[in-house]
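In this document, chain identifiers A, B, C and D correspond to the written order of the chains, with residue numbering beginning at 1 in each.
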């Protein structure tokens, strides 16, 4: 137990410390001190995030159960930044709603523990760690989803999430158990060496994949997504759609590339079909949504489908493009969600028609929304375009031209419904538009960060180059 | 900062400046200055180009600038220009400048309007100068997207529908294009050293089998924005709903991206595919030419008439490109230029007439020559130019195309050509119909008599567009020679 | 020999046009008129001087008139071989045309000073006149077929502008459109002809094309299409173009309507100059027409010409609008010229027809212009085109009467008038070639005399009508041109045309062929006599006659319903069927199918929404089924 | 190592157990019942791990450990699930699946 070891899992440890601090703070602060506590927590978390950017040693712990490297570190930082943005965007909500209900601190506790879970998940080195981390990341979120007590939909969403999630993990476990049975190993590396092609393996692989696809919400394992997203508080929704999905996609990539390297002729066709299904279903469902949370839910399903195009490449290019896209997607989605959050917090309106004429009353919000949506749709020059382009390049690199074409067609469909929102905000007028309102400083910061990310991530190539270089180190 | 990159930087600066504009006055002044600068740069570019060639620089592209962007994928910021690029840029800059003048009194959200306009211009410039397929594609979409807002916000009639149709169709086309570009990329080198650079890709010979699949993909991807026959339907409704300046840019510049892209990418990089497929697309383009013209005869909305005539004229561009010889290609470029100026002029005039009479229905208008002589006379001139009267650009372009097309001996090409030639009659019919109904004859309504005369900014816009038409029409030699030289390296891949 | 100054002959009118066109709102009418006249008179002097210099100072070099290139510059390059030049080509016929165009145009310019006085768009009118003159000059001096085509289009448009001069008069607008579109349609043939010819000949240049010893004529072109050499096809198509401009049957329908334009315009464009462009085209390319496929195309030219001249002459007898009568007579006379070209040979005396045709072109220009201007001054006096509103005008407007009479004699081929000589040459040429054509010509000559004197008598003699205000002789500016032209419709007869103009440029000794001449004169006199009996005094013989002819008369009166036929084809078929159906197709089929794709997507999303049933147990079912399906698929695959 | 019972019997058992769980999950109308069926599913894999460990890889205890972790987590899961169900019950006085269908399409 030396310092080195601490440094390797510094991020997690810091989060745990922060979590405890918040717990203590919760106990000692008076009722009116709560909003101060919130500010403190956010700032503290910002500091944690900053620390994450200092270099940390690579390597494994606990005999390989836990391992970290610069790519994982990058992703963790990404997750931190994402959560930070979410927290900033939800500060107002926390102060004005939750403090009254006296459960502001618990929000942090749950979210941080889920984040810790994700951190452990992406640096898991064996299936045990992976499973534990997965549950750790899921369960608190279920609580968060059901956070709006006295709101039926919230509770309903909570139930749907927890039950479906446990089913999924049950399935995954069943699969894992077979993998264990065939190899006798639970460490990724050993398993990678020991796995033989056999029916049990296939069963295990597919079930495991299904379990994880649940978190990534790939068709047909995605159904919970929309309902839960709609029912949950918005910041939780954005957490689900951005943070946990991002982490899940990464670990999926990682495991497929490392553990099941030899089985690519199984999982590539699998991804192929699932990707097509996901893109189409996600887009077609998003097409008629009125509630923006639900709308973004389905759009995020479709986005997950696009990510598979990167994974299917099965090489460095694929990994790099996926990680890069996850980062891009994070900022884009947070931009969009942030605006929805701000508006629904101030006016309680979440429907597309309520946004008619938004630009004329709140130009700034509309601009951020537009950036976010364009980025999601993959319109240059914002980051999404580059992200998508690289994903497509990755897929085309292995000769999946048809798949790429289908994907681009889907991108066009998605453009249609993203434009519907733009149309509401810019083209349409309304007799009672959402009135102009000022946002608190945290919300502004949150949106600004997201917007900046959307603009910079694409045009400023070194970011992608960095991702590419480090994934080069890891996946070769 | 090299002379070409300025064409991307200048508009961006303009947009940045526009962000701080308070009201209509400021925003239009800023954008006027911006577009004037671009115009000056464009004119300067001609002379710079001639000077460069005079120094004996015989490279395919001059003023090239190359910088690595995404190293790992070998995506580069590669720009360069040849004679064709130069003229296309001049066209774009003039149309943009005229567009600013025409929308001098834009009512609603002026700042945003000009911003979108300039962004569109940026995309167009970028598209013309970029030698890197990624860059090309990026600018292509940058040019298309503002159309949605421009039509959707400032348009008229069923604007939301047409804006959506236009955007989705063009984006769908770019879907094909993207696949094509990726295909080109991964066949750009036998040994993993892939590149997006057009000139580089041209050096390797892509296997015929691949070209057979790639060419139609890339061609259609570009040709949709060039209003290829079955995919032209976005353009009429788009034109009809768009505000004046936007119709000008749309028909004058945006639709040129199609022909230009076909020429630069599809034909240049996939010559074998081009030869293989030309017959098929020739049929489509000839249908487009005749069909567009015939459909225009029956229209009553002025904008529809010109939209269909655009379909016909641009069909001629694709037709000429598919004839695969130097002369016809030269004609295609000339036609692009001349159509750009003419259609922009037409839409400008239609806009002015519409502002005064609040109708675009030729049956309701009449005798305008009496009440707004200046605008009407220019309209007549534009009409004559568009039906290919000698002394105007249209004639030069069309004759070059026809003579070029006639160099193909076999029956198929001959028949296609002769069918194409018939368009000179049909065009005359619909142009004269419009002119006769709208400008001549007795004045239809009393209130027409108190139409305001053309204002100074309207006149400026008009002359900006009219003068190039006459210059090309009367002294085509130097222009066509410059273009001819620039075409040589491209045509050589065909032979 | 330096002829470079000839460049100014076309350029001056061009500058005048630009000047008047740009400033036409600023200038005073008087000033504009004078500028126009002065500008043109300089060009006229220049062309006279050129003619003198060419024929008398330079004269024949080793037995033939040489061709001179006054100036020449490349306008645009198409291919290595093909490039359009702009230049001035001087040879006997182009110089003759220069003289004709200048003279008539000058006369019209002067005449219009009076005729168009006080018109709203006076300056516009003069601008257009100059534009037309410029284009016509450019056409006649073209050095190559494409330059000719370019100016061919330009004269077309200036005629469009001038016919539509009274643009607020719907009939005028319609006529202008008709004229332009019909000729444009013919030009389609011309253009395709040019394309074919230039592709196989590898040049546009007249000097190379027409050279009898040149490659194209002597060894011809191998390629052939449907049994005829491609060149022949090219020539046929080009003749179609010519027929369009020269209002040959069946492309003649635009000419009568073109009379909607101001009368001087009709005199200039639709009688003397533009409408003979077709004849000039054939004459210009004569060697090709003669040598390729043994003059096959010339046969067509001859018969089309003959038929048109007869056809038009018959119609002319029944029309009541004097300008229309003149229009049909123009058609018929041009038919004469075509006929003459058609029957012509090449060398020496063989080329009589060619010479005759050019000769007739020259003389016809003079007396037909005179007739129109005379008619103009009559119309100016009585404010009507219709014969029934005229009568006994001789005592009110003596000069007009005399001059008109002279012109009428001349066109009827009365001895000692220029018409007599030129017509005689044509008839004798026809006689030598084909009897049928000769008799047609002869009959037409009789008809011509008849209908000319029909209108002459019914205008200047016959019973006096009641005029709103008593007619009076036109001002000097109008009468002077009349007098000059009257002189010119007699004098040229005594020029020995054959010395100057002949197919092989060598010139030959042409002499009256007395028997033919006498027969021609007699037929003419018969025609005049009949007219005298019918129309000298108001009587009912014409009605009787028309009764007896009955249906034929009405058919003729309605110009054999050819306009109606065209109208049916264009309006009913092209507009309402073809074009309408295209428009419909575009809206309903193509557009809707594109929209349909979008709607289908949206509908499908509606269809599948039931999947998201809200029951998480269903979700679980899907989940499991999905997983199991994948498993089974891959188990099956292995 | 239980004498006379091969691993196949037990695997069959667990598989059946698993699918009973699934069946229960899909068909029960009561949330609690569904929760119970989930326990079945988890237990199926727990047994799997233990069996594989003891029968195939007796020299290491990874499987056993894994199973212990699963049990612990399962407990946490059901605790959370129950609490959510309870809060739901507070609102609607019902633990019926039919009442969790307002969010759809």
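Criterion: a contact is a pair of C-beta atoms (placed from the backbone, for glycine too) under 8 Å apart; a residue touches a chain by one contact, two chains touch by 3 or more.
Everything numeric in this text was worked out from a predicted model, so none of it was measured.
Enquirer: What is the shortest path, in steps, from subunit B to subunit D when you may only step between chains that touch?
Expert: 2
Enquirer: Could you quickly compare B-C and A-C and let me know which has more C-beta contacts?
Expert: Ranking B-C and A-C by C-beta contacts puts B-C first.
Enquirer: State, to the nearest whole Å, the distance from the C-alpha centre of subunit B to the C-alpha centre of subunit C.
Expert: About 37 Å separates the centre of subunit B from that of subunit C.
Enquirer: Rounded to a whole Å, what is the gap between the Cα centroids of subunit A and subunit C?
Expert: Centre-to-centre distance between subunit A and subunit C: 79 Å.
Enquirer: Could you put a whole-Å number on the gap between the CA centroids of subunit A and subunit B?
Expert: Spacing between the chain centres: roughly 43 Å.
Enquirer: Counting in whole Å, what is the centre-to-centre distance of subunit A and subunit D, each centre being its mean C-alpha position?
Expert: 27
Enquirer: Where in subunit D do residues touch at least two different other chains?
Expert: 25, 34, 100, 102-104
Enquirer: Of all residues in subunit B, which are in touch with two or more distinct other chains?
Expert: 168
Enquirer: Among all residues of subunit C, which ones touch two or more of the remaining chains?
Expert: 598, 609, 612, 614, 616, 620, 624
Enquirer: Can you work out from the touch definition every pair of chains that touches here?
Expert: A-B, A-C, A-D, B-C, C-D
Enquirer: Any idea which subunit D residues touch subunit A in the complex?
Expert: Result: residues 18, 21, 25, 31, 34-35, 38, 41-42, 44-45, 48-49, 52, 56-57, 60, 62-63, 65-66, 69-70, 73, 76-77, 80-81, 83-85, 87-88, 91-92, 99-100, 102-104 of subunit D touch subunit A.
Enquirer: Taking the touch rule as given, give the residues of subunit D at its contact with subunit C in the complex, in rising order.
Expert: Subunit D residues touching subunit C: 22, 25-28, 34, 97, 100-105.
Enquirer: Hey, which residues of subunit B end up touching subunit A in the complex?
Expert: 69-73, 75, 134, 138-139, 141-142, 145, 148-149, 152-153, 159-160, 163-164, 167-168, 171-172, 174-176, 178-179, 182-183, 185-186
Enquirer: What part of subunit C is in contact with subunit D in the complex they form?
Expert: Interface residues on subunit C, with respect to subunit D: 609-610, 612-617, 620-621, 624.
Enquirer: In their complex, what parts of subunit A are in touch with subunit D?
Expert: Listed in rising order, the residues of subunit A that touch subunit D are 127-128, 131-132, 135, 139, 142-143, 146, 149-150, 152-153, 155-160, 162-163, 166-167, 170-171, 173-174, 176-178, 180-181, 184-186, 226-227, 230-231.
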